[in-house]
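These are the structures in question, set out in turn.
Next come two complexes built around subunit A: one with subunit B, the other with subunit C.
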Partner chain A sequence: MNEIMAIAGSTWRRILRMKVVYFLIVCVWILIGSAMNYDILSLGEEKELMIDVSLLLNTIAIALIVISVTFEIPRELHEGAAATMLTKPLGRTQYLVGKFLGSVITAIIIGLIIAAGFFVLFYMVFGEPLIISLLQAHLLIIASSIPMTAIAVLFSMILPEMITPIITAIALWFSFSTSHLAKYGFMKIIYGGVLPDLDLFNFKSAAMITAGWSYVAMAAVWGAIFSVFALTLSSLIFRFKDIK
Partner chain B sequence: MKKTVVNHIIIMAIAIVAGGMLAKTLHEKQISTIPSKSAISGVPIGGFHKFASDVKWMLFINYMGSLQTINEDNKDEVVKRLEQIIDLNPNFEQAIHMGAMSLSNASPDQAVEFLSRAIASEDPTLKKNWKLPFLAGFILMHYKQPAQYSEAARYFRMALERSEGKPEDYVINSYLRARGNANGIKDARLALLDSLVFEWKKTSGDLMETTIIPNITERLLVAAQAARDSHPGDEKVTAIVTEVSATLGDKHICSSCLHSYGPGDNFCAHCGNKVKPYGQCSACKHVLKGNFCSNCGVKAK
Partner chain C sequence: MEDFVIRTENLTKVYGHLFWKKKEASLEKLNLQIPRGSVFGFLGPNGAGKTTTIRLLMDLIKPSEGQAWVLGQPADNVKVKQRIGYLPDGPSFSTYLKAYEFLNICAKLLKIPSSERKKRIYEVLDIVKMTEHANSKLGGFSRGMIQRIGIAQSILNKPELLILDEPLVGLDPHGRQELKDIINEQKKAGTNVFFCSHILSDVEKICDHVGILSRGKMLCCGALTDLLSETGYRLVIKAGHDDIMQKFMPEASSSSKLSDGGWELVFKENVEVKKSIDELKREKPDAITYHPSKENLEDFFFRQIASTDKRI
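Moving on, here comes the complex of A and B:
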């Protein structure tokens, strides 16, 4: 466990030490706050717009952190950093789980910072305190980092370094629409188990409707279960992979 | 095969089964929480349908600002843009409302179609919205040629039912007029009276049903008085006045003009009709002020 946390710690520390991350968070807050200026252009829908922009930008921020894994793992494998680490008493599975946890923790921290900033802005602009349904919508987005990261780790194992980030981004994009495929034959069988459905974390379309804490918890559990599948498969592939 | 590989495969199989089952449960739960989710466009845009609808809404407003009026030349474009917005966000109340209003003149059928889709929605917010059925009824009554009163009355009634016991007066009047017109009554006052009598009869008699019209008796009296004044001698109005005054006898209503009269009055102050006096001393006919007559001291019965 200590080895896993050491790998995870190095991952999140590396990202959270970057000043550009905080600069981007401030940019996200500015963009969220700027929605209040759209009152005339949206005919009084600026409140809805601010909510939607906050959920959109939080999703994008988390997706970017997740995609950073697809740069990091192939780079470490390519440059031999992974091989150096694996000479120590560290298994390949532990290495992947460490990378996965580090990325998830980073996404959770950044997602929470963005959400907190949004709630402060929302209170300052509209004078409304914390709305539970909005909090749950943001928490679901943050929880979506769990299966997203698992997908990124899996793709880092099976795809060539050059195309991994692009393919991961496309896969994440389409993973929000897999429930439409789940109606058909074979897809129905693999839905949820092999075929991820990130739309389960998507309450953006009805952020004023309370998802319920049980739903939020169940969605996070599903994310964890899917991650077990994806990481086990990644580990199996990594086991047979030659590294420098 | 190595033991670790077998272990990996077993873990994956368990995760697939458990994940599949949980995902299906979550999907069903999500659909039941957000019924309109299944109506959202299937276009894969990364789950950003709501934001995309906001952007399209602002573009729509810009586009509408560039138009002088909505007519045959541009109505298809307006409909297309609105369709796109509502496909992305079927709960976009303002887009539905404003879109239907802007189309009401050029294409009332299309406007009502947008509204009826939103009215039929199982979404908790739209389900309670009374403005949408009201607007649908209004368009069918005032913009559709020829007017569809029966269908309009159905929508107005829906608006009343969704008003949670506090409907606006204009919704009540629209419903009553549409219902009366649906029965072929052209005159607005008579149409109003006919509908009020229909609703009032539900609350009186053996059925004792509840009506969606608040203060039905007061409204009926005012409507009957107005109809009687505008149509003196009309047989139907006279019959209604007689029926109402007979039923509301204990409310001290003049049987001729339906105006109320006070204690001690022997004749209606409005029409001069002889009325059944009340609140008088049985001995000296003086108006009673309490338990005993202030004039002769006889105990009131």
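Moving on, here comes the complex of A and C:
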């Protein structure tokens, strides 16, 4: 476990040291804060708009963190940074799990920071304290980083380095659109099974409807189970890979 | 305890993957046995397969055929790595980490107890003369500085076996001398060292065993003293004595025409030849000069490589 946390630690240290991450967080806050000014768009539903924007932007921010994994793992593998780690008593599976955990933990931290900023703004604008269902909606988004990162790790193992980030981004988009795509039968085949149903995590304005803690917990558990499956597959593939 | 620190059996690597394979093997049926307590120099021209062998030993790449053991364990054993130090060829480490942080992660992976980590990290930083850069980011380091950090991480765990891929590359003259000292220190401490290098004069000074690899095949391997004493003497025939040259040519292991028109023949230790040369020396003392020659590693290396090129 110590080995896994050593790798995870170096991963979140990398992300949290990038100044662009803080720039991203501040931009997200500014966008959320300015959402209520779009009265033309919101047609008097400023509150709903602000909630939707906060959930959407938090999702995007987390997705960006996740996608950075698809840059980092292949780069570490071909530049030789991974080789230095893997020639220590560190199994290949442990390396992948470390990368996975490091990225999930970073995504959770950043997701929480964005959500906290949103709640402060929401309170300042509407004077309403923390609404539980809204908190649950944000937590669901944050929990979605678990299966998303698992996909990113898996894709980093099976796809050529050049196209991994873009394919991962498309896959995440598909996964979040399952309820819309389900209308088209054939689309279901594409995402069914391989990609997780991230719509589980996606509440948007429906957030006003109470989902309940049990739902949040179940979605998180489901995400964890999917991750175990995806990481097992990744590790099986990684076992046979040549590393520079 | 196994007598060999490194052992390979028909170790073969053909690069490529499921759908595409290179035509030629980068390493072909390598059988290597490196005894305990040796400093082994692994030599060979560019593309010979040295790095490939080392990566196979470190389980970074998988063999197409055959097997390798390090310190008595199969190369893919994760635990055995705790007793090994490895410096990759042209090391590259996560640029966003500071030198100390990087070594700290390595120390954690090597299971060095947290109470000893800091002390040990500063020890190795001192050995490679990088203490003052402990808190600088690796991204800002020069090639030689990175090489020094690479050496530091390889000796962090006081390894039983140290595998170095071209450790002298990128180091300044001081650095090279320091590295040679480090290797000597390691040897004194009982560490087995396996390294490859192109700087033959250094290899000759540091190593007691060498192996020469060419085009994926081992040409020769053994104790340096045995290999280099293989050649007995060098006979220089003055210009105009071609008859002598013709007489001795068939016995010579190598011959070359000198710029002044004379010849130089090299013989292996051979009683018959020695006798006739002694005779000749009495008859025509001016026609030849000869000296028992202990070849240096560089000559030996070129001769070995040249002989394969002829065979091909």
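Criterion: the second predicted complex is superposed on the first by the 222 of 244 C-alpha atoms of A that agree within 3 Å, B and C clash if a C-alpha of one lies under 4 Å from a C-alpha of the other, contacts with A are read in each partner's own complex, and residues count from 1 in each chain.
As a working rule, a residue touches a chain if its C-beta (ideal position, glycine included) is under 8 Å from a C-beta of that chain, and two chains touch if they have at least 3 such contacts.
Note that the coordinates shown come from a computational prediction; the quantities given were computed from them, not determined experimentally.
In the overlay built on the shared chain, the residue A:Phe226 is in contact with subunit B alone; subunit C does not reach it. In the overlay built on the shared chain, the residue A:Met85 is in contact with subunit C alone; subunit B does not reach it. Judged by the number of subunit A residues each one touches, B leads among subunit B and subunit C. Using the contact criterion defined above for the overlaid structures, shared-chain residue A:Asp52 touches subunit B, although it does not reach subunit C.
Residue overlap on subunit A between its contacts with subunit B in one complex and with subunit C in the other: absent. Interface residues of subunit B, counted against subunit A in their complex, comprise 4-5, 8-9, 11-12, 15-27, 29-30, 33-34, 36-37, 40, 42, 44-51, 54, 57-58, 61-62, 89, 91, 94, 98, 123-125. Those residues of subunit A whose C-beta lies close enough to touch subunit C in the complex are 2-3, 6-7, 9-10, 13-14, 17, 76, 79-81, 83-91, 240, 242-244. Residues of subunit C touching subunit A in their complex: 15, 55, 58-62, 78-82, 84, 86, 88, 90-94, 96-97, 101, 105-106, 108-111, 150, 153.
Looking at the complex, you find that subunit A touches subunit B at residues 38, 41-45, 48-49, 52-53, 55-56, 59, 172-174, 176-177, 179-180, 182, 189-194, 197-200, 202-212, 215, 218-219, 221-222, 225-226, 228-229, 232-233, 235-236, 239.
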